[in-house]
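Next come two complexes built around subunit A: one with subunit B, the other with subunit C.
Let's turn to the complex of A and B:
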């Protein structure tokens, strides 16, 4: 019976061919008749007021239809609440073209609409603005005196403030046998998916809109648009079947959506707005952060005190926070803890979740501090982790539903060859290169959101699966097809997963590595109901052998339903639908986390990363020559797409450790390298051999599928593993990311 | 980006007459730099004169008295992979291939490479002051984020770097730039082609507005036995040099008979020091002597905060590259330091 199962098999992504042949359409690529093009004008000023706008030169250019600014925009919802989206942090949501105030550099201050893109862009430079500039603050280090705890609100549920202190941290730390104290600095990073943010709005008339948008949440953006523009939910349809990466930047509606819809409604025409690469640096980003670490242990390496205090940037209008401070306690037991997370409001746009938000920043500091501690203790870094291993999440005092981190450590160490490491810094060499081995732990939440799925069995034997989720390139289409196929005993070709559409049953935005567990579980729940209905219908047939069969007495395979006790007795699903007069049999069901049961547990994925670096002994150039990451993330639905997720996130780790930084010039209050030539991410030459291991982790508690999500866990351990390897190679601890090679000379 | 006229020039004469009569016209070759500048509102030509089809610019040929002529219109990639260049001028080939990406090198022309503008962040942002863009407006780079900026030959008006890799090799090889213009033809020694910023940072080089580069001549001596190009940057490919070094040696045994060392990423032009090269002549090719030469090359080097590291890095790079030139095969691909 297991023979034809697809779950657990490596299956190439089903939309791969569409993508590599260019047939897959993205938000800015839909051919729409009579389309107008909008170009966003960005503020050159960081803070102040627009005192005058003269659009006469722009309006005189043939082909220019309208220039919208705060002076002439249509009237809009004015309650902050109506601008809220599902991911809005506490505060006042930024409202584009709301009034004359400028809150940050690059803020959209006008939209030029013209018959073609080039005219709109040209005209955007022909508008005369006058500004009254005000003094601004954009530098975290210079404004630490403004640090304060974040306000609480809607989004606090997913990002709770750090837990209160336990034990007597200060005394314990002061009197500890062995301790490490250090400060880590992380700079700003921008998501930079290759697909630019874009929206194509089709004006259908009668208050109806069809919107092709770049987003991670079709329903989130549908509600946002309907609320602000006073439209009925059912009249707003948001579509995003293909998303060219997003990494968190699409969790909130971005301003091009707002401007595009506003222009379409105002002009009663179809409008497209595409941001340019520079404008991709004018909204969300990973916030810069300063982390003060104080870890202590006894002489045997048992941790006695964990102190982790974070100060991070936010905007002057919303209190964005990342889950940072308490991760160490979720990994390691310690009787005395002190965790703090404060924010500093600056004249920038609100930061936003970026792949493994909080976790990747925090784990870098935590795991580098553990490495430093291991050197003070003269205990092998891996050994130190094992000494402090715990199956119970010490922050909540709850056991994990499953935790195969030990297996991750041991399997990755074995594969990597950790035992060959001479712990002495600068002791391993290869020609002109200093060789370093480093390791680190990763941990990430295993989320599940409620989701609804409709299943529909058709007369031709095709199972249609409907859900509003997107596929941001992770392989969602493929894994959902696999899950549904297995549940109904169908081949992949007989399943059609339809998604990326707000008209479909509910899905939260695609973030936090949650969608496989969310939509996937809903499919399992709906499949159960559909099987029941199919059985019931089959039992209605004349002299049906299924008359007395209960749910447990049948199984589904190769498009047929069989009796378990006599598999030769069967009926094809097509015949059941034919008996139903060809009318599809369908069901819509909700999948949700088993809150009551899961309240007693902690839910997380884990990983262990081992990295080798080579550092040139004269000029300091660093190469990550190889890395092994072992991941424990419950059941792996598709090892191939899952491996791609881990590889991609390991490369993000290399990027975070060695390359990525958005440079803020605090005197000018703006980012100076807002393009992909100067904002460095790794190229092929930067990536060595990468190896992925999935540790066997059976989790029968977490959900119906036993899945935990793999989008982010591959990243969290990497930056620290690389930093630790660099220390091992050179004897230098660099506390600031990215590490510049010249610091190693 | 403004509206503009476009014309394909039939021959160099037409190209010159078109540009002579239009103050705001521009030649376009590969367009890899010009179009970027245009999109950022830094260049705003009213007329494009396409020189891609000019036969006079499109050849690589050996010169009668020895040496090689590189047409200004020949693509960077075609130049780097040309058999004579690979064989006789491998330093040039290596330097070109260390630049940009394969796609960009396929488009970029030799003439355009000489005329590419600085990558200074502040120059590239039309909304902020920059003496190179708007003379007299100021230089925020001096006390801004200047990791990529110059340490040699700077002026109070400008600390921008000339970013080319190809030109570092051309400087080391003592190339000559051939030019045509309304008043006829002329040639400029490579060392005199690019300028230091002084009080006219708006001028990158000594080419006049209405002149066209037709070709670049390489002298016969190509230093094919002992050479190395080292490029140090923030990622292993597709990034501009923070420091690069082209070293060309002529050896007798281990004694240096002739030597050229040019630095990229440190100044407003490829940087050479006659004093250092004179010092090395007749000396043993070893780390000690390269170190003394490095100090001579870096005399007067001055950092501006974030780029302070370049002084130390350049010294290390000069020494290492000198040693790599003794054994060119030791170098790893991508102009990286040897294994």
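Let's turn to the complex of A and C:
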């Protein structure tokens, strides 16, 4: 009965051909008649007021249709609540072109609409603004006195503040046998998907819009547009079948969507707005953070105290937080703990979730501190992790539904060759290069959101699967097709997963590595219902051999339903639909986490990363020559696409440790490297040999599929593993990311 | 904001007639001289396979082949290429038969979101045409003008190496 199963097999991406031939259409690529082009004007001022706008020169340019600003924009929704999206932090949502106030540098202050892109872009530089500038603060380090806990709100449910202290942290730390105290600094990072944020709005008339948008949440953006512009939900359709990367930046509706829809409704025409690369730095980023770490242990390496205090940036209008301070206790037992998370509001846009938000920042500090502790104790870094290993999440005192982290450590160490490491820093060399080995642990939440799926069995034997989720490049189309095919015993060709459309049944935004478990489980639940309906229909046939069969008495294979006790007795699904007069048999069902059962457990994915670096002795340049990451994430539906997720996030780890950083000039209050030439991400030449291992982890508790999600876990351990390898190579501990060559000379 | 440059023009800019051979087909467009080859392909010829990632030559997503050489179409004005032979990603496959590089990209899962992919593919074919790259390290170096934010780098280089060494590339 397991003959033709596809789950667990390496299947190439089903949309592959569309992507390699250029046929896949992204938000700015739909051919629409009589299309107008919008170009956003960004504020050159960081804080203050617009006192005058003169658009006469721009409006005089042939081809310019309209310049929209706060002075002449159409009337809009008034209440903040109407601007809320599913990922809005507590506070007041930013409302583009709302009034004369400038809240941050690069804020959209006008939209030029013209007949063609070039004219709109040219005219955007021909508007005369006068500003009244105010004093601003954009530097985290200079404003630490303003640090305060975040306000609580809707988003707090997914991002709880750290747990209260346990034991007597200060006393325990002061009297500890061995301790490490250090401070870590992380700069701003921007998501920078290669596709520019873009929206194409098709004005259908009668209050109806079809919107092609770059987003991770079609329904999130549908509700946002309908609420603000007072349209009926059913009249707003948001489509995003292909998304050119997002990494968190598409979790909230971005301002180009708002401006594009506003212009389309105002002009009653089709409009496209595409941001430029500089404008991609004008909304959402990973916030800069300062982390104070204080870890202590006894002489045998058993942790006695864990202190992790975080101060991070937010905007002056929303309290963004990410789970940062509490991770160490989810990994390591210690009787005395102190965890704090504070934020400093500054004159910047609100930060936003960026791949492994909080986790990738926190685990860098945690796992570098563990490495430092291992050197003080003269215990191998891997051994120190094993001494403090626990199957119970110490923060919640709940056991994990599954945790194959030990297997990750051992398998990755073996494959990497950790045993060949001489622990002495600067002891290993290759020509002019210092060689270092470093390792670190990763942990990430295993989320599942409620999702609805419609399954429809058609007369031609095609199973249509409908859900509103996007596929941001993770392999969602392929993975969902595999799950549905197996559930109904069909080949992949006989399943059509239709997605990226707000008209389809509900999906949350595609974030938190959650969609495989969310939409996937909904498919399993709906398939159960569909099989029941198909059996019921088959039993209605004259002298049907299925008359007395219950759900457990049949199985589905190769497009047929069989009796288990006599597999030769079968009927094709096509024949069942034919008997139903050719009318498709369908069902819509909800999949949701089993909250009652799961309340007693902690849910997480784990990883172990081992890294080799070479550091040039003369010029300090660092190369990650090879890395192995082992991941425990439950069942892997498609090892091929899952491996790519881990490889991609390992490269994000290389980037975070060595390359990417948005530089703020606090005197000007603006980012100085808002382009892909100076915002460095790894190029092909920066990438060494990377290996991925999936540890066997059977999880029968977590959900119907046993899946945990793989979108982020591969990033979490890498920055610390790289930093630790650099210490091993050079004897230098660098507490600030990215690590630059000048610090190593 | 004290600087107030005069408008460069009050009248519509005159269109120019430009003829290229695109993906084997002769195409004539009437186009303004400030239109980049990238925008010409995407907005005027509806060939949206060529991607815009930065619009100033930093990401490589807009790479196309011009007379067999890889160029950045965002840094090229369409009028500069009158009479040229352009191949965009839409012209790489022969009908339904994928080019070996395209098939190798699928086999090696050399993309995730797919947005940088057309540029990577055109760049890879240009690289093979140049015949300069021998080792894997050289291929990595000479492909480094094409950024991939999903981090599909390993698959991309694996795919190119397979075609380069496998002899399946003509």
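In this text, the second predicted complex is superposed on the first by the 745 of 745 C-alpha atoms of A that agree within 3 Å, B and C clash if a C-alpha of one lies under 4 Å from a C-alpha of the other, contacts with A are read in each partner's own complex, and residues count from 1 in each chain.
Throughout what follows, a residue touches a chain if its C-beta (ideal position, glycine included) is under 8 Å from a C-beta of that chain, and two chains touch if they have at least 3 such contacts.
Worth saying up front: this structure is predicted, and the values here are computed from it rather than measured.
**Student:** Scan A:425 for contacts with subunit B and subunit C and give back first, second, both or neither.
**Tutor:** Neither partner.
**Student:** So, A:663: does it touch subunit B (first), subunit C (second), both, or neither?
**Tutor:** first
**Student:** Please tell me which partner, subunit B or subunit C, touches more residues of subunit A.
**Tutor:** Residues of subunit A touched, subunit B against subunit C: more for C.
**Student:** Kindly classify A:742 by the partners it touches after superposition: subunit B alone (first), subunit C alone (second), both, or neither?
**Tutor:** In the superposition, A:742 touches subunit B alone.
**Student:** I'd like to know which partner A:26 touches here: subunit B for first, subunit C for second, both or neither.
**Tutor:** After superposition on chain A, A:26 lies in contact with subunit C alone.
**Student:** Now for A:559: first (subunit B), second (subunit C), both, or neither, which partner does it touch?
**Tutor:** Neither subunit B nor subunit C is touched by A:559.
**Student:** Return first, second, both or neither, reflecting whether A:685 touches subunit B, subunit C, both chains, or no partner chain.
**Tutor:** both
**Student:** Check the residue A:639 against both partner chains and state whether it touches subunit B (first), subunit C (second), both, or neither.
**Tutor:** neither
**Student:** Using the superposition on chain A described above, determine whether A:193 touches subunit B (first), subunit C (second), both, or neither.
**Tutor:** Once the two structures are laid over each other on A, A:193 reaches subunit C alone.
**Student:** Scan A:677 for contacts with subunit B and subunit C and give back first, second, both or neither.
**Tutor:** A:677 contacts both subunit B and subunit C.
**Student:** Do subunit B and subunit C land on any of the same subunit A residues, and which?
**Tutor:** The overlap between the subunit B and subunit C interfaces on subunit A comprises residues 44, 118, 122, 276, 675, 677, 682-685.
**Student:** Tell me, which parts of subunit A touch subunit C in their complex?
**Tutor:** Subunit A residues touching subunit C: 12-13, 15-26, 28-29, 31, 44, 57, 60-63, 116-118, 122, 126, 128-131, 192-196, 242-247, 274, 276-277, 472-475, 640-641, 643-645, 647-652, 675-677, 681-685, 687, 690.
**Student:** Can you name the residues of subunit C that touch subunit A in the complex?
**Tutor:** Interface residues on the subunit C side: 1, 4-5, 7-12, 32, 34-35, 39, 42-43, 46-56, 58-59, 61, 88-90, 92-93, 98, 102, 105-107, 109, 111-118, 121, 137, 139-141, 143-157.
**Student:** For subunit B, which residues count as touching subunit A in their complex?
**Tutor:** 1-3, 39, 41, 119, 121-122, 124-125, 127-128, 140, 143-145, 147, 230, 232, 234-239, 242, 309-310, 312-313, 316-317, 319-320, 334, 336-339
**Student:** If we count contacts the way the header does, which residues on subunit A are in touch with subunit B in the complex?
**Tutor:** Of all residues in subunit A, those touching subunit B are 44, 118, 121-122, 125, 276, 430-433, 616, 618-621, 623, 658-659, 663, 665, 667-668, 670, 672-673, 675, 677-678, 680, 682-686, 740-743, 745.
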